[in-house]
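So that we are looking at the same thing, I have put the structure below in structure tokens.
The first chain written gets the first letter, and so on, giving A, B, C and D; residue counts start at 1 in each chain.
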Amino acid sequence: MVNELNTPSYLQMESISKAFPGVQALDNASLSVRAAEIHGLVGENGAGKSTIIKVLAGVYSPDEGSIVIDNIEQKNHSPASVHEAGVRFIHQELNLVPHFTVAESVFMGQEISSPVGLRKRQMRSRAEDFLQQSLQYQLSGKKLIRDLGVAERKLVQIARALIDNKAKVVVFDEPTGPLASNEVEQLFRAIRGLRERGIAIVYVSHYLGEITDLCDRVTVFRNGKTVSVLAGADAENSQTIIQQMVGRDITTLYPERRRVSEKFVLSCAGLSCQPYFQGVDLNVSAGEIVGIAGLVGSGREELIDVLYGLKKATAGTVELDGQALRVNKPHIAVKNGIVLVPRDRRNAGLVLDMTVADNINLASLDEVSTFKLERKGLGRKRATALADKLDIRPKNVNAVVRYLSGGNQQKVVLAKWLATGSRLFVMDEPTIGVDIGAKVEIYQLIADLASGSNAESDGAGVIISSSDPSELLGLCDRIIVLLRGEIIAVKAVDELTLDSLLALTTGGVVATAGALH
Amino acid sequence: MNTFFKTFTGIVVGATALVASVTATAGDHLSLEGKKVGIAVVGTQHFWDREAFNGAVDTVKKLGGEVVPVDGGRDNQVHADNHDILLTNKVDAVISILGDGAVEPKFEALKNAGIPVFTVDHSSPHAVNNTTSDNYYMGTTIGRYMADSIGGKGRVAIFNAFEGALRICGIRAGLWKYVMQDYPGIEVIQPELAEAFANAPEDARKKTLDFLNQNPKGTVDAIHVGCWDQPAIGIVQALEEAGRTEIKVTALDGGPETLEIMAEENSPFVANVAQQPNVIGSTAAMNVARHFHGETLLPQTYVDVMPVNGPEEAKAVYEKLGYGTLK
Amino acid sequence: MATLNANSQSSAFNWRALTGYLPFIVFILMLGYLAVSAPQLLTTDSLDLILRQSVPTVVVCLGLAVVVIAGGDDVVAGGIDLSIPAAAVLAAAIMADQLTNHGTAFLPALSMAMGAAVIVGLVNAFLVVKVAMTPLLATLATSVATVGITKVVTSSRRINVDHPTIVSLRDNELGGLSVGVLLTLLLVLIFYFAVHRSKWGMSLQAVGGNRDAAELSGISVNRMLAQSFILASVAGGLASVFVLARGSGSSPGSEESLLLEMILATFLGAAFSPRRVVTLWGAVLGAVLVTALSIGFKSIGVNVFWTGCIKGALILLVVASAALATSKD
Amino acid sequence: MTENTQVKASSSASLKQQAVGFLKQFGFLLIIAAVFGFFSLYATNFLSSSNLLNIVEGSSILLILALGMTYIVALGGIDLSVGIAFDFGAAFAIVALKNYDLVWYLAVMVGVSGGLLVGLLNAFLVVKLSVSPFMATLGTFFIGSSVQRIFTNGGGPISHRGAPQEFRDLAVGKIAGIPSEIVIASVLLLVYFLFLEKSIFGKRIHAIGMQREAALVAGINVNRYLFWGFVIAGGTCAIGGIIGSANLRMFSPLAGYSYLLDAIAAVFIGASLSRNGRPSVSGTLIGVLFLGMIANGLNLMGLNFNTKDALEGVILVVVLMLAVYQQKSLGKS
């Protein structure tokens, strides 16, 4: 495939700005994609990737800027008009009906029908043909979605977006997250096939290895701005891309290092949970912050679930303070001093319609009660003390948690666990959806936890699982890297740089593969 | 047998003895040997239905017949549908206990298939014979007893939800009202009260409490239940709770629970007319045997009822009907 | 937690699949047992009887299936319509009243009955879509109100109907099958076409299967939900004709048993569908099989008091095995 | 919406908006007041103290069942078998008295254990077999009804006129001059209020009902709470059944069913009254009294009973609609 440098852009987003209360999500950003091009879009969490995708989708209307698709300026930009213009989205979530067949899913909302009803056979053969010819995959149209593998479901999603042959721009949002490496290859073949057909492709991913493999050009976002558009050799060099992505001084964000004790708080051996991860050995000392790095699908999320008893381990042992422990339910974890700050804060971290005070006291109700009767005044006092310490706003513990900002919500989750005085804090994406100011505060809190100024004199152990490598580097003492269900590296933080950590987690490109030893 | 004859047999005990002796002697020459008899009952929650059903089942078995029982679970529709099952089961005869108009086409189909139908408490042009209590007698007797109990004058209330829904209730409540016409001193309180079928005693209790509230002491002299006596249990309870036991209660059917209440000292529940559901069921079964024996049956067979006036008669009837002994 | 329900290839999978078939197996065994112990069940007369008696249940099941398909089969959060039998009985009462007491012709009477049923559906749709009540609560409330209104219409009396159309629906046969059964078959085919063979039906299924996905595909979820309740009430209205034919008139209180049969049959039907979801065919089959069981048990003289036990155990067997078959751990 | 914008919005709101806001907040209470006023005018004797006492006393059993239902709804479920637990309570107590000659308090305990048994079955189905509460309790309802009919040979009542006076007094006696039904219901109301609204167990129960996953992650043993919830609700409903049986000195099979819809309605009316749409003990009390008031008022108005039933149904729909609407619009602002 030849890519003329002066080919006109097929999709052109110019000077897009979009602000949300307190956040300038996009600041004069631009993105332009040519026909028959795979265009990578990269940037750290919060750099503005998903915002610009949502602007393109018509979900957000930009405060400023213009969108031109196929030389037509989009005036009344809406989801429907975007679809009409030939832009298709392959969402990260598999938006499919589990009990539909492949053919039904492909034609969902766009069924072929005649006066005597649906042309099921025709839809089936067209779906099968499309999968075969355009995506190079053979799949029976009669199979049920729930019987398919994740990669196959992804292909069905793609087929649904493209079956009407009107697609001109296809946006892939983190499509390989849950895929195994051979499945990724399968998907890539399909995407390259689309390029052959002259479709413009926007490819959003954290996996830099994939970006360099697949993309013709790469747009890098940072802090809501477009910092560069890389092409040619630059677009194939992950070092260059990383340099562009980072570029902010991160050291001042993070607290000072602490003394780490010799005593293990947590010690796991051979921990496995098929098919997500296997053979994980993990030790956490008192006062230590251990980071877990790994992409979506690396087993990172499931490891956290197993540590907290949300999933059952299929093999391996867990010791807490030297005592063997079987954690198969969260309440057992909490009783033994293991607590979780979950990634899905709004569903699992907080009871949204309860007040700040109720949420803070929820895990330590015994301490705010006499004869099991709640002492509201005492609870409020205790919650207020914690809320003050963590600077939770608004300064009203009777506020309903649902209406707090992300950062303050996360502080409520932390306050809940601080109130229990636990031994091991497991934190999954502790700063997701949190603005930079609150981030710094949360980092300091985590450091305080570990150094013991808040908990026992010994300091608690902390495990942080995060998809933000700079956060891990700034905060942790040691980092464990998971890749496709296995530990591929355990390193003290001094041995790592942002580049080498990124390279490790993304499965490495040839250039950085040397860092893998 | 006819109503006139019935009215003359005023002496309860005598009547019972008569029926009992008929039962005993009849069994000697009658037989249902080798016959398959379907017995459909609308439901068995209510003691009356259950007793009639058991009477029929026991007698068919005693006469050597085979029973195919079906129960409608107190749903008239299911009851009607059950006749279809009897039809496909190719029974030799059907005894159908109670039911509403939904059974008529089923009876017709059975008749057309050559299966004779014998009904209990449900007259039908397609049935060979209907065995029933003398509902006319029940309605008038209870009317007279109630009027007597309040000295022929006063204000009385009636629970009467089923007068329009069921023919037998129409007869009973209608004749009660007919009797009331002869007592110009008695006023029937309007609107009439309506009992619920489900949870009848508790429902009647609440409604009575509300009613008493609205009609203060001295303004009500009696409460009558138009077609049965389950609600009377709740009525008596309410009267006791409200301390208004001067109000007399009357009802129909004479189930064991209500007879027990009547037998109590100073019970406000003063009169009842007891049926013999077991004998009715048994009589229907014997009618089947008579039919197969070649006897000609009249369209209606009336089984004696037993007027119950006061605690002593309640005790006697309780024992007569085989419910046990009351102290 | 929020992990994808990935395709598990472990050996436990087959066992779970088998658990899913358990209700079906138990059913077949029961029917087999009945057929052996009551051979007359296999005569054409009996089979015809089973079909004829299942007709009203089948028709209301069509309605419930539509609502469940559109709302998802979580009984509390998803779609359910408890008011269909009440609407059917109200419509039957109105039609009986018109035919018998007012001498109205069949078609005008039918349209009045249908109108009343559809009003129930509209109220449901309003409560669920506009007021955002849960379907369970909304339809429970309308069902209570509808039963009350039926009492006003009939004064709690039975109304006999001997209108020739109704009678022929009950008694006449065409090619060996009762007219009522044939009409029901036609109705089933129409509903099948609408739900499983039309674009509209696919949208309906999509809404029930994955609301977000449906919305993303440009389907108006609220409109589909409203339509499902209205269609259900239409099924209820149509069922009234068969209720009248079966009962040769309208009887008060017949909604209760119809309701329980409807729920049992529809959710039982899910166990028969290869996709383990509520489908029209499943609901229809469920209704016929439940009737067959009832008739079968009566034929072998099982005490009627036990039927509730058997039905309850069946429901629990079906939902428990479904829950166990889909549980993640 | 943040606090700030809310404050601004309300300060700049016109009088009309304030009126609308007031209606949204207190609309339902206004309806109650209006209905009360209507009955005072048009239902003879409605306002008499004996009638008001009647309403309260007549609502006692429903209140007890509704309390059990409140518990289950607070946990995020629904219980269609409250009536069965009621029946079992009544049956066990009456049989214990009549056939086994037990002392009255032992009979009461036996009765309660009958309800616990029903609750245990539900708990087992919901917790161990992961059946949804609706389906589990529906199954229990079928089975429980059937068992009663088998046991009573078709559904005949079991009457025991000779029940000891102490047992009868549970329903018709007076404690300190107050009808004992009211006393028992009040005690249960208080216990439930303390338990569900004031104790740390209640807090956890509400957390489970609001967001089960968050409760789980907060270290609450969700399954244990679900389990005991069904068991305790079963026992509570059985107390209602025991009082019912003491009232009439008999057990009428399937009598509990007549309370089911009212119990559900009362709980949801009550839930819609609370700010966040949660079921609450105080809300349930209001719901029960409201239903009792409507039934009593319509009775006193001397309407035809068919009209009365229809009116009750329509009022139920309208009231639930307004209550849910009010609660939803409160939640949005």
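Please note the rule applied: a residue touches a chain if its C-beta (ideal position, glycine included) is under 8 Å from a C-beta of that chain, and two chains touch if they have at least 3 such contacts.
The shown structure was predicted, so the numbers you read here are calculated from the model rather than taken from an experiment.
Considering every other chain in turn, the ones in contact with both chain B and chain D prove to be C.
Look at where the CA atoms of chain A average out and do the same for chain D: the two points lie 45 Å apart. Separating the centre of chain A from that of chain B, both taken as means of CA atoms, is a distance of 75 Å. Centre-to-centre separation of chain C and chain D, using mean CA positions: 29 Å.
Chain contacts: chain B has residues 44, 71, 161 touching two or more partner chains. Chain contacts: chain D has residues 149, 153-154, 213, 305 touching two or more partner chains. Residue positions of chain A with contacts to 2 or more other chains are 310, 342, 344, 347-348. Of all possible chain pairings, those that touch are A-C, A-D, B-C, B-D, C-D.
For chain D in complex with chain B, the touching residues are 44-45, 48, 50-51, 54, 57-58, 149, 153-157, 159, 161, 172, 244, 247-250, 252-255, 257-258, 295-296, 299-300, 302-305. For chain A in complex with chain C, the residues that touch the partner chain are 80, 83, 91, 93-100, 104, 107-111, 113, 117-118, 120, 144, 146-150, 178, 274-275, 301-302, 305, 310-312, 342, 344, 347-348. Chain D meets chain A in the complex at residues 1-3, 194, 198-204, 206-207, 210-211, 213-221, 276, 278. On the chain C side of its complex with chain A, the touching residues are 1-8, 10, 193, 197-199, 201-203, 205-206, 209-210, 212-214, 216-219, 275-277, 329.
Taken in their complex, chain B has these residues touching chain C: 44, 68-73, 75-78, 80-82, 84-85, 87-90, 100-102, 104-105, 161, 164-165.
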